[in-house]
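Here chain A shows up in two complexes: once beside chain B, once beside chain C.
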Partner chain A sequence: MPTEASSSPAAVWAILRKECRSEWRTRYGLNAALLFAVTSLTSVSFAVGRLGDRPDVLAALLWVVLLFAALASLSHTFVREVEGRTMTLLRLVASPTAIATGKLLFNLLFLAVIELVTVPLFLILMGAPTPSWGPFLGVLVLGSLALGTGATLVGAIIAQTRGRAALFAGVSFPILLPVVAAAVSATRAQWSGGSVAVELRLLAAYGVALLAASLMLYDHLWED
Partner chain B sequence: MILRGLLLLWIAAWIVAAFLWAPLVPVLGPTTRVLYFHIPSAWVTVLALGWSMVHSVLYLRSRNLEHDHQAAAAAEIGLLFCVAATISGSLWAKAMWGAYWNWDPRETSIFFLLLVYGAYLALRSAIDQPERRARLSAVYSAIAFVSVPFLVFVVPRIYFTLHPDPLINTRGKIDMDPRIRVVFFALLAGFTALFFWVQSVRVRVARLERRAEER
Partner chain C sequence: MSAAAAAVEARDLIHRYGARRVLEHLAFEFAAPGVVAIRGSNGAGKSTLLKIVAGLLRPSAGALSVQIDGRDTPPLARHRWIGYAAPDLSFYPEFSAGENLVFAAETRGLDAPPRAAQRALEQVGLASRSNDRVAALSSGMLQRLRLAFALLADPPVLLLDEPGSHLDEAGRAMLTDLVGKRRTTHLVMIATNDEREGALADRSVELAGRGLGDPA
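Right after this comes the complex of A and B.
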């Protein structure tokens, strides 16, 4: 039974450390995700060539690549527990909220690593004009927070179903669509010199709403 | 039994009235009549989604499978009405705007609702154990509940709409013939009653299915 202590920040921190360590041991998830992100980026780049004069298209393509990368990798932390049959053990030592929060932090870290590789590569390969860094990074950070939060919750659900990988993309898409729509619109605006304040506020509000809903729902994820 | 017959008569009578009694609006011409079927379908789509989500949250609070039956039934029926609203809207768009599909904000939001319904039902079909299916699909429904209003705010910021204002068209209302209004609200009530009737039948079937499984 989860005790009061097991949902403390210490438990969340322990889960995060455990995730990082087991990921680092094999690096299977990270390698696969990076390879996937670079592959989708390359296919986009080959298909349309350099598009330095079309920042509106670039903004859409950037977020399509990031969305694909997220959809390919973020259910991994939960699926791994189910496939390795380690979920029951994990639940003995920590509360559902602590487990899910730890995994959420891990996923956000994971997404950040992928973006550190993908975004600079994207800007170089596509011949993108220099972004205005403040708004651009703001959109990336807030967009990734919302993307990661939504994908983590759906990943936890999907890990307990049949046909996990196939379902994950389709089922998380409706949740992530507002993020992508707002992020694309903001990325487009910063390239054309417009204001991104409204979109940033929208992304932040959506991220906070998803996070609040997630924290309320994590308790209901596992109960059998 | 009597109520069901009355509902049938009610809807049939107002469909006839929609074609023979209600006048046409000048600009819209014969496409005026889509109003009587498209908007009630769209309304039932939203109503069913709300009904499904409320019962999902109630399930998480009470763990009573009855709420899961309600949520699942409303999602199935809502999907049907969502398809009806999408197709009737698309046909109207072809007649008025010249293209079946244009990613107008209204088209985007109805398509989004289709995706939510589809994802919810796909998720349900992938879980065998009833309690787990109920619990996980309720969690999903609750998180989708957060995303639906956001899309409604985001999309109009990106595109402009050509869609006539739904329901509350304050300027249009004044010129609107009262006969149109009568037929419209009669069919709106008829569609709503139709939803609740089919819903009650579907829930009864789900209850029987569960009882048969338990035996």
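Right after this comes the complex of A and C.
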């Protein structure tokens, strides 16, 4: 007999584990995102050399790479359910909010893995100065939270549309632009010795606003 | 085998796909226990009706309620009380049959998910293929897996859309047996045009939708 748990943390946890296992077996998004990050960083490194004295360029480059690595993969958590026709199964075992929350947590974990590879590689290949670790990690964490939350929400919205790949990029851009702008500004500031407090507050507020909007919207996305 | 008291009621139910009308002013009320056959020509709306009952589709107009122990269940929470098997139900091909069901059981919050999955597979005669990847299952085995998925939580309402499709004679006997065992405890709704599946029912709804004859 079913219990009341199907929209509970247990359902979210089960979906998160399913996503991890599925990604581990198929490498559906991980390989693409890592390959993009590595090839783009290597190409830029060969093209322009080390940019240790240009924190403005370094900050922009870091977040552009992270943004496009995310855009290439984060919508897949929903799109592959639609293309594999498994969305019906998911909807029969969990509430939309539980499904989306599980996928959001997976996307955040996914971003963390991408960053674990990309950021050290970036610092080495670009000859970046040693970051101020506290502010730098703060920007990475809050920027990733906002990036992952926004991308997950857009992925959920566009999953059942036609031309979803183009739509994802088009709809994500205005939603994620403030995140990238604030993250670039804060990353540049920490390398220049400036304060990042304003940008961190902005990223935190934007991330919370996106999360709140997501939790309110998820239950209404797949009614038809 | 006992189940919560379940009832399904449609009031002036209408559903359209774009301009095409499928269900028109449908009204019925069925309470457990019993087996209901939903009949109608191709395109009459049998599958659509089951999707609405399952909460997967919102009707264009009218109302459909699923009551469990006298309490109305909102569409988004209906999955807790419903078992659903339909031809368009797909599984994760990178997982085995057993893993798919364990995931479903975990997500539904069932106790001892591996045991629940194994029990469901045994009921449909698929226990020996539990470790086979879904991608390696035949169409008949996939249909058995769909039935196992529907039975997983032993829900009080079972919605079976063309449940005998792709099944061999042994599979059809299994289907007859599993519906028969629930006849006096559950509410089973079967969408079918197959005489043998229709014969399992003690009540029926005849959908007079426009089917293929009139797309207007």
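Here is the rule we go by: the second predicted complex is superposed on the first by the 220 of 224 C-alpha atoms of A that agree within 3 Å, B and C clash if a C-alpha of one lies under 4 Å from a C-alpha of the other, contacts with A are read in each partner's own complex, and residues count from 1 in each chain.
The criterion applied here is as follows: a residue touches a chain if its C-beta (ideal position, glycine included) is under 8 Å from a C-beta of that chain, and two chains touch if they have at least 3 such contacts.
Only a predicted model underlies this, so the values are computations on that prediction, with no experimental measurement involved.
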Which superposed partner A:93 touches (first chain B, second chain C, both, neither): second
Partner chain(s) touched by A:107 [first = chain B, second = chain C, both, neither]: neither
First, second, both or neither for A:187, with chain B first and chain C second: neither
Which of chain B and chain C A:202 touches, first, second, both or neither: first
Contacts of A:178 with chain B and chain C, given as first, second, both or neither: first
Partner chain in contact with A:10 - chain B first, chain C second, else both or neither: second
Interface residues of chain A shared between complexes with chain B and chain C: 223-224
Residues of chain A defined as touching chain C within the complex: 1-8, 10-11, 13-15, 17-18, 21-22, 25-26, 84-86, 88-96, 98, 219, 223-224
Residues of chain A defined as touching chain B within the complex: 150, 153-154, 157-158, 160-163, 167, 170-171, 173-175, 177-178, 181-182, 185, 198-199, 202, 205-206, 209-210, 213-214, 217, 220-221, 223-224
Of all residues in chain C, those that touch chain A in their complex: 3-4, 54-58, 75-77, 79-82, 84, 86, 88-95, 100, 103-104, 106-111, 149, 153-155
Residue ranges of chain B touching chain A (in the complex, touch as defined): 60, 112, 115-116, 118-119, 122-123, 126-129, 131-132, 135-136, 138-140, 142-147, 150-151, 153-155, 157-158
